[in-house]
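Both complexes shown next keep subunit A, but they swap its partner, so subunit B is in the first and subunit C is in the second.
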Partner chain A sequence: MSALYIFLSFVMVFLSFSICGMLAMWIDRKLTARLQFRVGPPWYQNFADFIKLIGKETLIPEKANAFMFVASPVLGLIATTIAGTIILFISRTDTGFPADAIIVLYLLAVPSIAIILGGSASGNVLAAVGISREMKLLLGYELPFICALVISAIKSGTTTSLGSIIQFQQQNGMILGSFSGVIGFIIGVLALQGKLGLVPFDLAEAEGEIAGGSLIEYSGILLGLFKLTKAILFIAGPLFLISLYLGGFSLSSITGIISGILKYILILVLFILIRNTNPRLRIDQTLRLFWGWLTLLGFAGILLAIVGW
Partner chain B sequence: MNIKIKALKKSLWVYHVSGGSCNNCDIEILDCLTPKFDIERFGMVLVGSPRHADVLLCTGIVNKKCVERVKEVYKQTAKPCVVVAIGSCACSGGMFRDGYQMGGPLDKIIPVDVYIPGCPPKPEAMIAGIVKVLEKLK
Partner chain C sequence: MNNKQQNTKKVVVPIGPYHPLLEEPEFFALYCEGEKVVDVEWQAGYNHRGIEKLSESKHWDQVTFLVERICGICSTSHPFAYCNAIEDLLGITVPERARYIRSIIGELERLHSHLLWVGLAGHFLGYNTVFMWAWKYREPVLDIFEIITGNRNHYAMFKIGGVRRDIENEDIPKIRKVLGELKGKIEMLTGAVLDDPVLAARLKGVGVLTKEHIKNFGAVGPVARASGVDIDVRKDDPYAAYPLVEWKVITTENGDVFDKAVVRLLECFESMKIISQCLDAIEGKKGEIQAEVREVPSGEGIGRHEAPRGECFHYIRSDGTNRPTRHKIRAPSYVNIPTFKASCIGQTIADVAIILAGVDPCYCCTERVAVYDVEKKKKLHNFKYLVEKSKEKTEKIRKEI
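Showing the complex of A and B:
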């Protein structure tokens, strides 16, 4: 595995994930609009938003810590892209390394941390409320998400390398086919929903109450970078779940690519359905859901996985 | 016309500034977002912070307490931005023009690009006004 290969795959993942992610976010907006009997935005909407944000003035507030304020969106963007590169290219069995799933887990937490850093650097009171919510949300969904990873790791013969998890599923069928697999998948989808800040868990950005939350002071290209991070996360997160439970995403054959896209669409539709049928939860309800029910379910899933169900 | 302006035209994010309105204009603004009018199909969304905004929708006469605040919001908005005066109050003062609390009308305080009169203006009138904004952007 040469440095050039890693660099090229990094650039490729950056370009393809941001384009696909923006299209996926458009599907989300469009379907939401159709479900509310509206027409919805045209397909290029998210691209237009991003280009517009590049052209706008970027204001750095007087009270802000300028370095942190500018650095945190870049940090989030780089971390998600690296996570995407590991999931899609580096985790192949010949180039993967042991425990890369755990590294991806860490990298996927970085965008939320970037939002927290940026929000606190901006020195705004409403942003402070937003980051306190974001922090609780992060602590909340991270525990069930780890449970989901552990279930998949135990099922595939106690390995935490994505390559071997995928290889195990190619030989023995998807992990989703077992009891503990179903439990883990449900937990994973809900935790990802929280990670992406989609509706039942969008309390950190609550427009009505705290005016955009942690991103309130961001404008211009910096805001655009946060949107881009979200677009990449929109692909990288579900792809991670596909690798853990649905047998991975194969780039080597046409059927592999098509089935990968179908798996992605399945998860996307689940996201959109959950998002459109639930109102926003309060922070205490969110924590009770994540640390209570979902964690218990996760432990039950781990036990089932250990006994081999 | 360059690509940035083209993108701006397709993605106007609006921020709603109330300078002491009677709340009727504000409700009509929210009407634009309902399924019947659905301005999201033109890429317009209501945002919560002036930093994210491209269009300031200002309603109300801008009473004396609000003058400084409206100025501040205008300063905080990332340029280029468009200011729209919504309702007779914001355009001219309307029936409150002789009131003791009158600090406006809006164009005395910040530069206004489009006036949409009416008490309150219909959502159709607002959409027509926004179309005029789009023609103005170059």
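Showing the complex of A and C:
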């Protein structure tokens, strides 16, 4: 595995995930609009939004810590792209390394941390409320998300290498096919919903309450970078879940690619359904859900996985 | 003052003057400790248009159009109350057909206003599906308005002594058909809202107003009825066709935001009941739609109407000329909004957003006399200031003479 290979796959992931993520977000917007009797935006809307943001003036508030304010969106973007690169390219059995799933888990937490850093650097009151919520949300969904990873790791013969997990599933069928697999998948989808900041867990942005929350002071290209991070996360997050529970995303054959896309669409549809049939939860309710029900469910899933169900 | 000094130490989360939560400019300063709101300050006056003063410069008939423009949502409540006030002064009876038509317009307005609130409440909770669906179902109501009056929002139906236009007999089946379809849709929406466990978790026990609070603040309308206070001008002081048809006042006991939603949604069905009975009463008949009014004698009159948000009150005084010498308006939000002092304090920011929206505040109705300086946060034109200004000017003129 040469440095050039890593670099090229990084660039490829950056480009392809950005484009696919924006298209996925368009599907989300379009389906949501159709559910709500609206027409919805054209397919290029997210690209147009991003290009427009690049051309807009970038304001850095007087009270802000300028370095942190500018650096955090970049940090989030890079971390998400690296996570994507590991999931899609590096985690093959020949190039992967032990415990890469744990690295991905950490990297996927970085965008939230970037939002927290950026929001706190902006010095805005509403952003402060937003980041306090984002922080609690992060602490909330990480524990169930780890449970989801642990269930998959135990099921696939106690390994935390994504390559081995995928290989195990190719030989023995998807982990989703077992009791503990279903539990882990449900937890994973809800935790990702929180990671992506979709309703009912959009309380860090909560337009109707705190007017955009953590991102309130961001404008221009910096806001664009946050949107881009979200687009990449929109692909990388579900892809991670596909690797853990749905047998991975194979790029080696056309059937592999098509089945991979179908798996992705399954998760996307779940996101959209949850998002459109729920109101926003309060932060205490969110934490009660994640630390209470979902963590208990996660522990139950781990026990089931150990027993072998 | 002591309270204010304490407040300066806390974080102020501003809601307004321009904020996605508010459809109109308004400023709520939430004093917070973490997510918890410990005090709320309210500043109004961004939208003051001097309607009462304007009214004194228009003749009686023009004022009907003027007060219609106080608010786009209750655009029939103000003319309704105003006409009631003048008819009180004149001591005339409105022809029966006109009374039925007035009630139809009033109830259609309640229907569209309540649906609008349900949608907005959904939006504030981040539940945009409810937002869009409720507004979609509101559209047919506006279509009915267009059939009857030619306009979707400002109907210009009211006239002193009656109504301006008749409801044509051939339109009635169309109206019935639309209402029939609407009923099923609202039933579905009501079911979806009331049975949703997540919505219940967000709204139940949030922003509770007790009967005691309602009486102390003098709150009116659905806000009062949700707390079990059975007040409704339509029943308490019957006017138009309300005593002639059968309907009931909806009340609930808990006084939280969920109950406010329940009251509003169930009131939609009562409104449809009233409309359909009124349509029965006028269908296939012909009759006068206005009483003749030539002159308004000197005197004073009061008029009330149960607007979608509560009691709308108009007072007028006449000196026998063709325009009011005084026109006082009290809109329901004026008494409903201050209940935030009882319902918001101690709640989290997330809940305060929906509690503030829960009274269905309508700021443009409320703005009457206060003028504020936003930066210095003080009232500008209080009585003392105006008296001083007046004295200054007198002095100035005296010197010039």
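The rule is simple: the second predicted complex is superposed on the first by the 309 of 309 C-alpha atoms of A that agree within 3 Å, B and C clash if a C-alpha of one lies under 4 Å from a C-alpha of the other, contacts with A are read in each partner's own complex, and residues count from 1 in each chain.
By our rule, a residue touches a chain if its C-beta (ideal position, glycine included) is under 8 Å from a C-beta of that chain, and two chains touch if they have at least 3 such contacts.
All values derive from a computational prediction rather than experimental measurement.
When the shared chain is aligned, subunit C comes close enough to touch A:I283, but subunit B does not. By the touch criterion stated above, A:F37 is placed in contact with subunit B and with subunit C alike.
In the superposed pair of complexes, A:V199 makes contact with subunit C only, with no contact to subunit B.
In the superposition on chain A, A:I6 makes contact with neither subunit B nor subunit C. In the superposition on chain A, A:I113 contacts neither subunit B nor subunit C. Applying the stated contact rule after C-alpha superposition, one finds that A:S132 touches subunit C and leaves subunit B untouched.
Of the two partner chains, neither subunit B nor subunit C is touched by A:L270. In the superposition on chain A, A:G55 makes contact with subunit B only, not with subunit C.
Common to the subunit B and subunit C contact sets on subunit A are residues 36-38, 207-208, 210-211. Interface residues of subunit B, counted against subunit A in their complex, comprise 3-8, 10-11, 35, 38, 40-43, 46-49, 51-52, 54, 76, 78-80.
The part of subunit A that touches subunit B in the complex is made up of residues 29, 33, 36-42, 44-45, 47-52, 54-59, 207-208, 210-212, 215-220, 223. Interface residues of subunit A facing subunit C in the complex, by the touch rule stated above, are 32, 35-38, 125-126, 128-129, 132-133, 199-200, 202-203, 206-211, 276-285. Contacts from subunit C toward subunit A in the complex involve residues 11-14, 19-21, 32, 34-35, 122-133, 136, 196, 198-199, 201-202, 348-353.
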